[in-house]
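A, B, C and D are the chain letters, set down in written order, and residue numbers restart from 1 in every chain.
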Amino acid sequence: MSPTASKPPASVAQRAKRIQLLLMDVDGTLSRGVCLLSQPNGAALEMKVFHPHDGAGLALACLAGIRTGMITGRESAALTVRAREMHVEFVYQKQALKLPPYEEILGRAGVDDRAVAYVGDDLPDLPVMQRVGLAVAVNDAAPEVKRVAHYITRARGGEGAVREAVELILKAQGKWRELVGRARA
Amino acid sequence: MSPTASKPPASVAQRAKRIQLLLMDVDGTLSRGVCLLSQPNGAALEMKVFHPHDGAGLALACLAGIRTGMITGRESAALTVRAREMHVEFVYQKQALKLPPYEEILGRAGVDDRAVAYVGDDLPDLPVMQRVGLAVAVNDAAPEVKRVAHYITRARGGEGAVREAVELILKAQGKWRELVGRARA
Amino acid sequence: MSPTASKPPASVAQRAKRIQLLLMDVDGTLSRGVCLLSQPNGAALEMKVFHPHDGAGLALACLAGIRTGMITGRESAALTVRAREMHVEFVYQKQALKLPPYEEILGRAGVDDRAVAYVGDDLPDLPVMQRVGLAVAVNDAAPEVKRVAHYITRARGGEGAVREAVELILKAQGKWRELVGRARA
Amino acid sequence: MSPTASKPPASVAQRAKRIQLLLMDVDGTLSRGVCLLSQPNGAALEMKVFHPHDGAGLALACLAGIRTGMITGRESAALTVRAREMHVEFVYQKQALKLPPYEEILGRAGVDDRAVAYVGDDLPDLPVMQRVGLAVAVNDAAPEVKRVAHYITRARGGEGAVREAVELILKAQGKWRELVGRARA
């Protein structure tokens, strides 16, 4: 986790200071591959792989009072379980379009665009990323996504990119140092 | 996804312009490893891992009117499920040889060799790759496969190589820009 | 496994000479990702991925009379099974904080801080790493963890980092050479 | 698969010419990680991940009349299934020591040490590697294993190293070129 070794530009830190809600895509952002296990009846069970640093980062965000949420086109019990473990408040699965759930979350959370960060990796993330106060692209995001991002993580999706976004926000808000000692496994 | 940063040579773009049907191998091309989960009865269930960008790419190809298909030596429910999710029209599993199903697909699709692109990684893909209008090898393909390819992707098999092929085709056909805003999760 | 090609500094070797007990974190240290397989009833089963070299290293540590243990925030049958395979003596799962189980292990093992090595990767490992005689950080550990470590492995967590710690200790104690011929599969 | 781009030294080719039997370790050599899936009853099922190029290589070896075999310390249905798929003749699982099964295989196959190649990655492989005519170490093998190897693959274990060994042997024997067109999926 050397991503945060270099400081983000001041404008990004300004954006990060205002964030109260951190939203993200799942496949390609918080999780790397789409893994399907064949079942004897012809169906398939979905496995999801998460990076431990991302999980720890989301737990720290929660501890710091940053609310979190996910908007994804797929649906799996694995994600539901992991989101619960990481105290994620807003979980929208099976969403072909991301703006409608995004706006519903804004309403439920009572915040406006500028207070929201979003981490994404591919074209369906674009409409939300063009709205939020802090748009973060993972390192292996599609070029179109990188182009609209305010910040590009050093880590690839599913390999610590969300943790980087959490650190970016908590450091900009001066909360990181105090949290380090309070992390739980 | 920086693979498409540099432009392919004009001859490749010419070939890509004519493509109406995108075919591909599965293991080593669309999926990385062969994963087998031991069962208590001595059998094994197959898991397949797909890259989210490849799935999104195939969905975009469908949206753009490019038909898609897969020819693979293995057989798994996981692939059947994933192919359905990605609106893949032609799915031929358990094929020891690839030319017979290739020719059957040509007949069903009503197109000729020049209108077909094929993405592959290993020796069994050679006979089809020597026929199609646009032969694409993944970055870690066998040397023999790279030698007959018109285009070699920057991504390794199972890590976005198929997405790259989709972008190559849709950009050559001038359809990419318009599709970017229509992508769904 | 070229990590041990270069020698660690003398002070690290001095610390390693005294080690009788090797403790470690699991996720991000001995295992790479957190893998959850969706179940039809909405639950998820956890899969853990281990590197063969780490397993062999733990078996060698046992053969050399070094006792071993794990302290982790998660809980899974997979880890229990693997720990048993590798003759791990102390297994503490579902521990939100690491110091209480650490102190319990010290008592059970009858050793003091200086005789303990700990391999970790993230913030919850810090309190234990600041106590032990030899603190080892995996190559992709959080910067805060690397800062307190006496030794940083060349391997990333889950990719041979624990094996490196075992070799470091056994070589410092002059036990490695004799063990090489006694390794079992 | 660029590993075979550069030619091995003449002495290695001489050794490869005589090979009639290709043996190998499994974990760390033909397969990358040790993957265990937790079961509700506290047991764990083992998943094994194989590289498609290795499987295709073993099938080509069989086609060329090279006999194959595996000696491993673990045991799983996944390996049994995969070995059958790849027409592997000798499968010895649950072997703590590798020399006894090695000698049994020599007897069954009716060949002597010089006609055998062995691909390995870690210390338990040493006794066999010091006997065979062609000892191959995977790129991320333990230093002790690399030291006794006649050839070190460019690929890491589980990522095409066995394919490289197959190509090395078949090219030295002048059989490769003719086989390329006969590969089946």
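Going forward, contacts are C-beta pairs under 8 Å (C-beta built on N, C-alpha and C of every residue); 3 or more make two chains touch, one makes a residue touch a chain.
As the structure is a computational prediction, the values presented were derived from the model and not from experiment.
Engineer: Compute the centre of every chain as the mean of its C-alpha atoms, then state which one is farthest from the centre of subunit A.
Structural biologist: Farthest chain from subunit A, going by C-alpha centroids: D.
Engineer: How many degrees of rotation carry the C-alpha atoms of subunit A onto those of subunit B, rounded to the nearest 5?
Structural biologist: 90
Engineer: Check the residue numbers that subunit A and subunit C use where they touch, and answer same if over half are used by both copies, otherwise different.
Structural biologist: Subunit A vs subunit C: different; shared/all numbers falls short of half.
Engineer: Just curious, how far off is subunit D from subunit C if you go by their C-alpha centres, in Å?
Structural biologist: Centre separation, subunit C to subunit D: 29 Å.
Engineer: Using Cα averages as centroids, what's the distance between subunit A and subunit D in whole Å?
Structural biologist: It comes to 41 Å between the two C-alpha centres.
Engineer: Which positions in subunit B touch two or more other chains at once?
Structural biologist: Subunit B, residues with two or more chain partners: 37, 47.
Engineer: Please classify the inter-chain touch graph. Allowed labels: line, ring, star, complete, other.
Structural biologist: Contact map by chain: ring.
Engineer: Which two-chain combinations touch?
Structural biologist: After working through each pair, the chains in contact turn out to be A-B, A-C, B-D, C-D.
Engineer: Mind pulling up the subunit A residues that touch subunit B in the complex?
Structural biologist: Touch list, subunit A to subunit B: 25, 27-28, 33-44, 47, 71-74, 95-98, 121-126, 140-144, 157.
Engineer: In the complex, go through subunit C and note every residue touching subunit D.
Structural biologist: 1-2, 4-5, 32, 37, 45-53, 55-56, 60, 76-78, 80-82, 160, 180-181, 183-185
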